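The letters A, B, C, D, E, F, G and H name the chains in turn, as written, and every chain counts its residues from 1.
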Amino acid sequence: MNENRKSREIGIVLGSTSDIDKVSSLFSVLDEFEVPYEVAIISAHRTPHLLREYAKDAPSRGVKVIIAAAGLSAALPGALAAEVDLPVIGLPISTPPLNGVEALLAMAQMPPGVPVASVGIDSGKNAALLALRILALYRPELYERLAGYRENLARDVLEKAGLLRDKGLPVWVPEKEET
Amino acid sequence: MNENRKSREIGIVLGSTSDIDKVSSLFSVLDEFEVPYEVAIISAHRTPHLLREYAKDAPSRGVKVIIAAAGLSAALPGALAAEVDLPVIGLPISTPPLNGVEALLAMAQMPPGVPVASVGIDSGKNAALLALRILALYRPELYERLAGYRENLARDVLEKAGLLRDKGLPVWVPEKEET
Amino acid sequence: MNENRKSREIGIVLGSTSDIDKVSSLFSVLDEFEVPYEVAIISAHRTPHLLREYAKDAPSRGVKVIIAAAGLSAALPGALAAEVDLPVIGLPISTPPLNGVEALLAMAQMPPGVPVASVGIDSGKNAALLALRILALYRPELYERLAGYRENLARDVLEKAGLLRDKGLPVWVPEKEET
Amino acid sequence: MNENRKSREIGIVLGSTSDIDKVSSLFSVLDEFEVPYEVAIISAHRTPHLLREYAKDAPSRGVKVIIAAAGLSAALPGALAAEVDLPVIGLPISTPPLNGVEALLAMAQMPPGVPVASVGIDSGKNAALLALRILALYRPELYERLAGYRENLARDVLEKAGLLRDKGLPVWVPEKEET
Amino acid sequence: MNENRKSREIGIVLGSTSDIDKVSSLFSVLDEFEVPYEVAIISAHRTPHLLREYAKDAPSRGVKVIIAAAGLSAALPGALAAEVDLPVIGLPISTPPLNGVEALLAMAQMPPGVPVASVGIDSGKNAALLALRILALYRPELYERLAGYRENLARDVLEKAGLLRDKGLPVWVPEKEET
Amino acid sequence: MNENRKSREIGIVLGSTSDIDKVSSLFSVLDEFEVPYEVAIISAHRTPHLLREYAKDAPSRGVKVIIAAAGLSAALPGALAAEVDLPVIGLPISTPPLNGVEALLAMAQMPPGVPVASVGIDSGKNAALLALRILALYRPELYERLAGYRENLARDVLEKAGLLRDKGLPVWVPEKEET
Amino acid sequence: MNENRKSREIGIVLGSTSDIDKVSSLFSVLDEFEVPYEVAIISAHRTPHLLREYAKDAPSRGVKVIIAAAGLSAALPGALAAEVDLPVIGLPISTPPLNGVEALLAMAQMPPGVPVASVGIDSGKNAALLALRILALYRPELYERLAGYRENLARDVLEKAGLLRDKGLPVWVPEKEET
Amino acid sequence: MNENRKSREIGIVLGSTSDIDKVSSLFSVLDEFEVPYEVAIISAHRTPHLLREYAKDAPSRGVKVIIAAAGLSAALPGALAAEVDLPVIGLPISTPPLNGVEALLAMAQMPPGVPVASVGIDSGKNAALLALRILALYRPELYERLAGYRENLARDVLEKAGLLRDKGLPVWVPEKEET
C-alpha cells in the first residue's frame, strides 16, 4: 500500500465515470470539511474482482465509511457491504428512462443481514453529510463543524427572504430579524 | 468434483430456501422433460465467495444455462452473469411489500455489458422453458418435445371449452371440433 | 437525567406502538450483540415538542446512532436529523394501502443538507446491523462480532442445502463440503 | 409584531426560493382577488425553529389559512399542521427525477390526527383558490367574486371555440351562442 | 327544505354505501366534536342530477364544508367543486386492485381553476379534522377543542410508553415524566 | 358453421378459464339485456391459430363486438384487433403480484393503427355495457333499455339512503323524496 | 339546432384547447375516411352545464360516438358517459409531471355501471380508428375502407425494409417480395 | 429461400423503423463479434401474417436466437415465442410518455408456457450479448471471445481512473497497477 493513502477516511466508489458530474457535490462537501477521501471507479458487474480487493483492504487503509454511487440495477453498494463490515452508503444515480427509481429500490430493498444506507437519488450532498455524521461520532471538532454547517443552512434560508422582497412580495421575517 | 454432477445441464441457484415453493414449477417442468439439473442455495450478499466458486466451475461441470431466482434487490443473476459467460436467466420472486417489482427491475435494468434474461415474477415455468429452448438449439429431440409441449398447451385450452358448457354458457368451438 | 440511561448507545424512536411487531428484529439483533439501546415512542406530527427534547439530549445521554421507524409520510427520521447531527437511520414501515412505498420515498428523498440513511421497508434487521457497523468503527471487538455474524449468515445458507436434499432435489454443494 | 402584518389572511410558506417560479400563480390569483397575504421561506428540515415561530404566531397575526409549498419528501405542510390548528394546504412541487410524486404522497398520506389538504403537483392556482374558498365562508363578497371567477372560467372555455374555427375545424357551439 | 337540516355545517357525500365502513372515523370524530353533519349517497356518474341538486342547495342549508369520499376514478369531489364554491375535501377510498392510488391521483390532479383538498387514502379522521379546522376559523370554542384534541394525541403517545415497558424494553421518557 | 351461432352479436374471448369468476358480471349483464353472445377460450400465446380462425369468422357469424379478457401481458385484445376490423373491448384481469396493472397498460398502450377499447381492471360489467352501447346505436329498443338501466342505477343509489338511516346517521335526501 | 350539424357522426370533445396539437391525428384520420365530425371545447369541471347540454342533444344531432380527450384527473369522458348512452371513447392526454398516467387511470377505472372505452395516452389515431370501427358495423363501405387501411399499414411496414438496406443492414424480406 | 440467408444465426426483429437508432448497439456488438444476423421490420399488430411467416421459417434459415425490439404494449417477442420454439429475447424500447415501462412489463409478464427473455429498456448491447452467450454454448471460440470481451470491460473501467486524476481527485488504484 502506498503511503499517501493512509489518512483517507471516506472511500467513494463510483459505478462508472459517467456518473461523476451528478455526484460532484460529494467532493465539494468533503473538501469543505477538509476530510480526506479517495475515489475509485469500480463496477460490481464489470470488475467484481476489483470490488473484492477494494473492500478487503479498505479498513487497513483507514477507510471508515464507503459511499457507493450507481445507477440502473445498482448492485455496487450491496456487493461492497457483503465483503466488508464498514457502513456503506448507497447513492442512487438517475439514468433514463426510469430515472433512478430502480437504483433506489435495489439499494434500499437489500436482503436481511447485509445493510446499505440509502440516500436520495443523485443526492451527493446528503451522502457526504451522512458520512461526516458517522465520522463525527468520535471527533468532536468535526461534530462542531457539522453543527455550524446546519446553522449556515438556516442562515442561508433566512437570507433568501431578500429575494422575495426584490420581487415585491410581502415577506414574513422572524421577530429578531425585524428589530 | 464428484461424478454424478457431470450431466447436469441446468444450474438452478436460489437466493434463499424460503423461495422454494414459489418456484416449484421450475423442477416439475425440467423433470417432465427429463433434463438433468442441480440446485444450489447461494446468496449474492451472504455467500459471495460461494457464488464465485459456483460460477467458475459451472461450465466444467457441464452446466449450459443458469437459472437464478431471487427476491428484493435480487443481485443474484447479475452477480453470476458477471463471473461466467453462460446465459443466466433471472427469475424474480415476489416478497411483500413490493411484491417482486424491485426484483424484476433489478434483474432487467442491468448495466450494459453484463446481460441477464429476465422472465416474469414467480414464473418458474417460463424460466424452465426458456432454459429448455436454449438447450434444444442443438438437440433436435428436445426441440421436438418442446413443439409437442406447445401443442399440448393448445389442446388444454381447447378442452377447457367443456368447462364453459358445464356452466351453461354458449360456447364457441373451432370448425374441426364440431364435426 | 436518570443514571441507567447513560450507556444507551442506540436510540430507537418509533412513530407509533402499532409498528412494534414489524420491527421486533431491531430488538433481537441488538440484544444478540449486547449493545444497550433505548426505545421511545415519538410522533413527528403528534408530539413535535417531544421530538426536539429527545434529539437535543440524545448526544449527552450517550446515544451515537438513532434509528427512526415510521410509516405513511414518515417525517420522523428527517425531523430528528434536522435537530441533531447524529447519524439517523430511517426504517420505513409498511401500512396499507401503499405498503410503505410512500414512507421509503419520504425518507430517501430528503432535501439536500439534512441526511437520512434509509434501509428497506420493515427491515428492522438491517437497520440494527447498520447501526452496529457504525458503532463498530471504533470498537474492534464489535467489529469482530459483526464479521462473525456475517460468517454465520454464510454457514446458515450452506446448511439449508440439507433442506433441498430432503425434498429429493439434486443439490450442488461447494468443494470442501463434499470431502 | 409589526403593524403591516395585521391584515395578512393567507400565509404562504415556501420550502425554498427555487420553487418560486413554479408557484407564481399563487401570487397572481391572490392579487387578483385582492386578498392580503404574506410569504415566508422556511425549510422544515433546515430551519425547524423558524417553522415553530411562524406557526405559533400565525393566528395572532390574522393568518387564517396556510399554504405550504415543498418538493421531495415535503415535510413542510405536515410540520406546520402539527404546530397550529389552522387549515394547512399542501402544494407539492415537482423536482427531478421523481417529479413531485414523492411530495404528493408525503403530503397526502399524513398520519391520522394531523390533517393536510393536498392539491395537485405545481398547482399554485388551485392552492390559492382553495384558500379563497375557505376565507369566503364568512365573507359573502369574496364568495360572490369566486362565483364570478367560475363563470369567467366557463366563458373563457366558450371563447376558445373561435380558436377551433380558425383552424378550419367543424365546431359545436351551445344553443344560445348560435343565435 | 325541512327544518332539521338547518344546522348541518358539514356535508358528507359518499360515492357508494360500500365505502361506509372505511370512513366510519369521519362520523366518530364529528360526533366527538358535536358538530352537526349530514350524509348523502351520491354517485357522480350514476346520479349526476342529484349531485347538482345537492351542491346548489348546500350553502342555503348551512353547509360550510363538503367532504366527498370516493374510490376508483373518484370524480365526486371534483364534480361537487365544479358546482359550488364551498371548500370540498376529497377522501380517496381504497378498492382493489389499485387500492386507491387512482382515486388519490384523480382528486389531487384537478385541472387549474377547480380546487379539491385531498387527504390520505381511507383517512376519514383527517378529512373530519380538516373540516373542523376550517369551521374553527371563526368559532373560537371549536378552535380551543381542536387544540385540546391535539394535546390529547400527544398524551396518548406518551402513555404508550407503558406498553413498551410491559414488553421489557428499555424505555426513554421525557424529563418531566420521570420525576 | 352451425346454425345456432348465427344470432350471437357479442363475442366474448377469455384468455384462460381461471379468469371466469372474475368476469361473471359480463354474462349476467348480457343475460339481463337478453343479447345473445358466445364465449370462447383462446390464448393469444398458446393458441394463436385459434385466435385467427376466431377473428376471421366472427363477422360472418354475426358478431358485432368482441370483448377480450386477459391478465398479465394481455396480448389477446390487441391480437384480435389486428386480425379483424370489429371494435374490440379489452378487459384487463387482475392476477398477483402486479394485480392487472400490466394488463391494463398492455391493452391501453397499443401501437397507432390498431385500436383496443380498454375498460377497468376486472370490470366485466362495464365491458358488457360498453358493448351494449355500441349495439344500441342502431337498435332503438336496446337504447331505451340502456336508458332504463341508467335510471335504475340512480334509483338504487337513492334507495341506499335507507341504509344510512338504519345506522342512525343524519341523512340528506333530495327534495322530491321528502314529500 | 342548425342545419349543417345534422350529418356529424362523431363528436369530439376536448377538455382544453391546449390539447389540440396532441390530438391532431384524430382529425387527420377522420378526414382521410371522410367521416363528418364536430369538435367542442368543454371542460367537465369548468363548464359542467355545457357538458350536459352537449350530451343530451348529441343523439338527436346524429352523433353516434363521442371521443373525449382530457388530461390530469380527466373526468370528461366519464361525465359524458353519465349523461348519454352513446359509446364514449376516452383519450388520455399527457401533461407534466405525471404524463397522463393519472388521466389513463381515471378513464379506465370508472365505477361499475358507466362505461368508458380508453385508448392509449395521446393516441388520437387509435381513438379515431376505434370510432370508425364502431360506425363501420352497419356501413359495409366503411368496413371495407378500414380493411384497406389495415392492409396499407402492413404495406408501409414492408416498404420500410428499404430503409434498413440503405443503412447497409442484412435485411430479411418475406418470400414473395424476393421474386 | 435465397442463398445468402443461410448463415444468419441471429434474427433481429424490430417493431418499427423508428426504433432503429435506439438499438444501434445491437448491430455494432454483433458486427464486432462477426456473427451474421438478419434484420426484419415486423409489427405484431400491423403485419401479423408476416410475423408467422418469419417465425415458421426461422429455424430452417439457420436462425438460432431471435431478438425482438418493441415499445408500447410490445406484443412482438411474445407473439414470436408463440409461433416457434427458439429462444426469443425481448428488448423493450422507450417511447414517451411511459418510457418503456409498459413494454418491459408486457415482455416480462408473459403467461406461463410461452417464455420471453427480457433485457433492460433500450439495452441493445445486453440483448446482443445474451444472444451471443447462447450461441457460444456450442462454439468454444465464441465463448473465448466473450471472455475476452468481459476482460476488456474490466480494463476499460480501470483505465478510467485516469479521468479522475485529470480532475485532481485522489484516486484509488488496485495494488498491481501501482508498481
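Here is the rule we use: contacts are C-beta pairs under 8 Å (C-beta built on N, C-alpha and C of every residue); 3 or more make two chains touch, one makes a residue touch a chain.
Model, not experiment: these values are computed from the prediction.
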If you check the contacts of chain B and chain F, which chains show up for both?
H
When you check each chain against chain A and chain D, which touch both of them?
C
Where are there more C-beta contacts: F-G or G-H?
F-G
With chain centres defined as C-alpha means, what is the inter-centre distance between chain D and chain E in Å?
19
Where the centres are mean C-alpha positions, what is the separation of chain A from chain F, in Å?
52
Find the geometric centre of each of chain E and chain F from their Cα atoms only, then give the gap between the two centres in Å, rounded to an integer.
34
Whole-angstrom distance, CA centroid of chain B to CA centroid of chain E, is 49
Using the touch rule from the top of the page, what residues of chain H touch 2 or more other chains?
16, 43, 46, 72, 98, 101, 108-110, 113-114, 120-121, 150, 153
Pairwise, the chains that touch are A-B, A-C, A-D, A-H, B-C, B-F, B-H, C-D, C-E, D-E, D-G, E-F, E-G, F-G, F-H, G-H
For chain H, which residues count as touching chain G in their complex?
1-2, 4-5, 8, 11, 16-17, 20, 27, 36-43, 46-47, 49-50, 53-54, 57, 72, 96-98
What residues of chain E sit close enough to touch chain D in their complex?
25, 64-65, 85-87, 89, 104, 108-110, 112-121, 123, 125-127, 129-130, 133-134, 136-138, 143, 146-147, 149-150, 153
Report the residues of chain A in contact with chain D in the complex, numbered from low to high.
94, 99-101, 120-122, 150, 153-154, 156-158, 160-161, 163-164, 167, 169-175, 178
Can you tell me which positions in chain G touch chain E when the two form their complex?
15-16, 43-46, 48, 52, 71-75, 78-79, 81-83, 98, 101-102, 105-111, 113-114
